[in-house]
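The structures considered in this document are given below.
Common to both upcoming complexes is subunit A, partnered first by subunit B, then by subunit C.
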Partner chain A sequence: MLINLILLFVLLSAAVWTVMTTRLIRSIVGLAFTSAVLAAVIYRLNSPLAAVFELSVCAGLIPVIFITTVSFTHRISKEELPVARKERLVRFRYLPFIIIAAGLVLSWCFKIPQFNLPAAGPKEDVRNIIWYLRHLDLLGQIVILLAGAFGVVVLFKEDK
Partner chain B sequence: MSPDLAGLFSYFMIFIILLFICGAYCIAATFNMVRAMIGLELLIKAATLLIILAGYLCGRSALAQAIVITLIVIEIVVMVVAGGIILWAFRHNESIDPRKLSNLKG
Partner chain C sequence: MTSLFIFAPFFLLVIINFPLGFLKGRCAFCLAASLLLAQVLLAAFHPWLFWSAYPDCLRQFFGFPLAVDNLALIMLFVIGIVALVSLLTAQDTLAGEKQKFNFINLLLVALIGMNATVLVTDIFSLYVFIEVTAMASFILIALEKGKFAIEGAFKYLMLSAIASVFMLTSVAFLLLTAGDISFAAVHHVLTNVPGSFFLKLAVGLFLCGLLIKSGVVPFHGWLPDAYSAAPSCVSVLLAGTVTKISGVYILLRLFSSVFTLTPALQNVLLFAGAISIVFAALAALTQDDFKRMLAYSSISQVGYIILALGCGTPLAFVGAVFHFFNHAIFKTLLFVNAASLEKRFGTTDINQLEGLGEKCPVTSVTSLVAMLSTAGIPPLSGFWSKLIIVMALFSKGRFIYAGTALIASIITLAYFLSLERRIFFNKGKPAPAAGGTATQISRGLNPAKNFSGIACAEILLAVFTIAGGLGYAFMLNTWFLPLKAIWH
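Up next is the complex of A and B:
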C-alpha cells in the first residue's frame, strides 16, 4: 500500500512538472516519465500486459511522435522567449495550488461509496478475452489504424 | 467491499481526479497545440488508471487489460493524426498557436 502511495505521488508530481515546465522537450520527457510510472502502477494492479503496452507504446512511441512534431516546427526566438515565459508563468501559476487544494478537499470529504462488488469469477486469461470475448475490438482497432493512416496521407497530400 | 479494497479505491480515486484536473488545466490554459496534446495524454492516462483500477477491484483484470490495450491503440492514432494536424497548421500559418489560425474557412 505504501509503495502504491509513493508511486501515485511520483506520478502526480511528474504530471504537474510536465504541465508546468517551460520547454516543450522537457515537457515531453516528463510525459514519458509519467507513462513509465503509470506502467509500474498498472503492473502492481495485477495487469502486466497492459503495463508492458503502456511502457513500450506510451513511454516509448508517443514521445517520439511528440519530438518529431516539435522538431518540424520552429524554435521560439531569443527576443520572444522572456515574454513567452512570463505569459506561461501567469497562466500556469495556479496549477500547483489548485492541485494541493483539490487534494486536501478530496482527501477530507471523499466518501467511500457503498456498493457491492461482483464476486470474482474464475481466473481469466487476457489472451482468451482478447481473441474470443472482445474479438470485435480487434476489428475496430484495425479500422482505426487504417483511418489514422488515411488521415495522415490526406493531411500531407501535395497540392497539384 | 472489504476495508482494504475500499481504502485502495478511495486513495486511487483521489489521485485519478487530480491527474484529470492536471490534464484539463493544461488544455484549458495553453495556447500551444503540442501542449494541448500533452494535456489530452494526461486525461487519457487518468482514464487508463481508472479502467485498470475497476478491473482490479472487480476481479476482472483480464477484461480491463483488453480494454486498455484498445484504448492505447486509439490513443496512438489520435496522437499521430493530431501531430499531422499541428504540422499542417504550422505549414500554413507558421505558428502552432490556435489563435493565429486565421485562414480557416467558415
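Up next is the complex of A and C:
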C-alpha cells in the first residue's frame, strides 16, 4: 500500500513537472520518467508485458521522436523569454486551488461506489493476441507513427 | 477484398515516398486521384465480385475482421468524393510542389484512418483508427504553419485528447464487463445486462467523447477556429468527412446497432441536437468571415443529424444518414466556394468580399445551389433529408423539437441569403479590373483566373446536390431505406 502511494505521488509529481517546466528537453525527460514510473505501476498490477511496452515505447521511443522534433526548432530570444515564462505561469495560478476544491466538493457530494470489476487477465498468449488477433490495431499503430514522422517533417523541418 | 480500402492507400503512401523524383509531383496526384475515384466507383456500384472475392493467397495478409454494409458503403462513397474534391482544391490553393506532396501524404493517412473507422467491427480498433484520422488532421490544419492555424490545431488536439481519454476509459470498462469488445459482443451484453452501472458509465463516456469529436454545442469551441484557420483544401476535408466520420458516423453506427438507445440517452441526444441547431444558426448570423460562418452552419447541420438519431426510430435513422450524406456534399461545396474566393481575392472576410462575386460565375451559381440546399429549399437534396427528419419527429410526438428544426431552417436561409446578397449580388462596390491589381498579382492572387481544379470540384458537387434532390426517390429506395434493417 505504501509503495503504491509513493509511486502515485512520484507519478503525479513527474507529470506536473513535465507540464510546468519551461524547457522542452527537461519536459521530454520528465515525460520519459513519468512513463517509467507508470511502467512500474503497471508491473505491480500484474501486467509485465504491458509494463515492458510502456517502458520501451513511451519511455524510450517517444522521447527520441520528441528530441528529434526539438532539434528542428530554434531558441526563443532572451528578450522574449521572461515574458513568455511569466505569461505561462500566470495562467495556471488558480489551477491547484480549483483541483483541490473540485476534489473536496466531489468527495463530499458523492459516495465513492464499490468497484467490483472482474480482474483483467489475458486468456491467450500475448504474442497470439498481438500478431493474430489484434493485427489490425498493429497496422493502425504503424500508421500513427508514420503520421507522427510526417508531422515532424512537415511542421518543424523547415524552421531550422 | 474489403481490406484493400485500408491497404491500397497504405501501399500508395509507401510507393510515393520512394526516393524517386518522378513519383513526387504530378504522378503522386494522379495516383491518389485514381485511388479515390476507384473508391467512389466501388462504393457507388459495389460489384459483388469485388466484395465477395477473396483469393486464399491474400487471406493470410488481408484477413482483417472488417465488415461492409449499406451504411459503410455510403460512408466510403462520401469519404472518396470529399477526399477527391479536397485533392483537386489543393492543386489550385496550396503553394509549391512540396506542400502539395505533403498534403497528399497526409490525405492518404487520413484516408486509411477514415476507411478503417467505417469498416472495423470492434470498439478498440475503432478507437485506434479515430486516432489515426485525428493525427493526420492536426498536422493538416497546421500545414501552412500560420499563427492561427497552429492555434486551431492545438485547440483541436486538446479537446480531441480529452475525447480520447473518455473513449479509452469506456473501452476499458466495456472490455472488463463484457469480456470482448466486438460490436456483436457488446450489443449482446448491453441487451442482456441493461442495469449494469459500469456499462451505463461506459456508454455515457463514449457518448461524451463522440459529442466532443462531433463539435456539438457545448463542445464546439475548437471547431470554428480549426475550420477557419486551416488551409482551404483542409477545411474542405475537415468539414466534409474528417470530423463527421470521427464523431457523427460513429454515433450513428454505435447507437443504431451496438449500444441501446435508452429514453435518457434519447433525451440527451435530442437536447444536444436542438441546442446545436439553434445556437450555431444564431452564431452564424453574426459572423463576418465566410469560413467561420460555414463552420457554425456545419455545427447547426450536425445538430439535425443528432436530433434525428435521438428520435430513435428507423425512419429518423434513415433521415439522419440521408442528411449526413447531403451535408457532406453541400458543405464541401460551400468550403470549395470559400477556397475559390480566398484564392482569387486573398481573404474570406465578407466585408471585403462585398460585390466581388460577379467575377467568378461558377462559384456564384454553385454557392447559391449549396446554400439553398443547406437551408432545405425544395427540390434540392437538403430539403428531402430535413423533411424526413421532421416527419420522424412529428410521428414520434416530438413537436417542440420538430418546430425547432423548422424554425432553424429559416434562420439558416436568412444568414445564407444575406451572405449571397453581400458577396454575389451586391453591385455597390466596383469589382477589380480583369487580371487583378498589381498588389493582388504580386501576392499570387488573380480574380479573373479560372482555377480548373476548383471549378471541376464545384460543378461536380453542385450536380450531386441537384441530382440528389431531383432523384431523391431513387436514392432513398436504393441507398437509404435499406438502412432500416441496420437499426437494432
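The rule we apply is simple: the second predicted complex is superposed on the first by the 95 of 160 C-alpha atoms of A that agree within 3 Å, B and C clash if a C-alpha of one lies under 4 Å from a C-alpha of the other, contacts with A are read in each partner's own complex, and residues count from 1 in each chain.
FYI, contacts are C-beta pairs under 8 Å (C-beta built on N, C-alpha and C of every residue); 3 or more make two chains touch, one makes a residue touch a chain.
Just so you know, these numbers come straight off a predicted model, no measurement behind them.
Chemist: Comparing subunit B against subunit C, which has contacts with more of the residues in subunit A?
Modeler: Result: the larger residue contact count on subunit A belongs to B.
Chemist: Using the touch definition from the top, say if A:137 reaches subunit B (first), subunit C (second), both or neither.
Modeler: both
Chemist: Scan A:129 for contacts with subunit B and subunit C and give back first, second, both or neither.
Modeler: first
Chemist: Go through the superposed model and pick first if A:19 touches only subunit B, second if only subunit C, both, or neither.
Modeler: Once the two structures are laid over each other on A, A:19 reaches subunit B alone.
Chemist: When the two structures are overlaid on chain A, which partner does A:110 contact: first (subunit B), second (subunit C), both, or neither?
Modeler: first
Chemist: Look at A:69 in the shared chain and tell me whether it touches subunit B only, subunit C only, both, or neither; answer first, second, both or neither.
Modeler: In the superposition, A:69 contacts subunit B only.
Chemist: Counting only touches as set out at the top, which of subunit B and subunit C does A:155 meet: first, second, both, neither?
Modeler: Both: A:155 reaches subunit B and subunit C.
Chemist: Which partner does A:147 contact after superposing on A: first (subunit B), second (subunit C), both, neither?
Modeler: The answer is both, since A:147 touches subunit B and subunit C.
Chemist: If you stack the two complexes on chain A, which partner ends up touching A:102: first (subunit B), second (subunit C), both, or neither?
Modeler: first
Chemist: Once the two structures are superposed, pull the subunit A residues common to the subunit B and subunit C interfaces.
Modeler: Correct list for subunit A: 113, 117-118, 120, 134, 137, 140-141, 144, 147-148, 151, 155.
Chemist: Where on subunit B does subunit A make contact in their complex?
Modeler: So the residues of subunit B in touch with subunit A come to 1, 5-15, 17-19, 21-23, 25-26, 29-30, 32, 34-35, 37-39, 41-42, 45, 48-49, 52-53, 55-70, 72-81, 83-88, 90, 94, 96.
Chemist: Could you please specify the touching residues of subunit A with respect to subunit B in the complex?
Modeler: Per the stated touch rule, the residues are 1, 4-5, 8, 11-12, 15-16, 18-19, 24, 27-28, 31, 34-35, 38, 41-42, 45-47, 49-50, 53-54, 57-58, 61-62, 65-66, 68-70, 72-74, 91-92, 94-95, 98-99, 102-103, 106-107, 110, 112-121, 124-126, 128-130, 133-134, 137, 140-141, 144-145, 147-148, 151-152, 155-156.
Chemist: What part of subunit A is in contact with subunit C in the complex they form?
Modeler: 113, 117-118, 120, 134-137, 139-141, 143-144, 146-148, 150-151, 153-155, 159
Chemist: Give every residue of subunit C touching subunit A within the complex, in rising order.
Modeler: Touch residues, subunit C against subunit A: 6, 10, 13, 64-66, 102, 105-106, 109, 112-113, 116, 120, 124-125, 128-129, 131-132, 135-136, 138-139, 142-143, 145, 173, 175-177, 179, 197-198.
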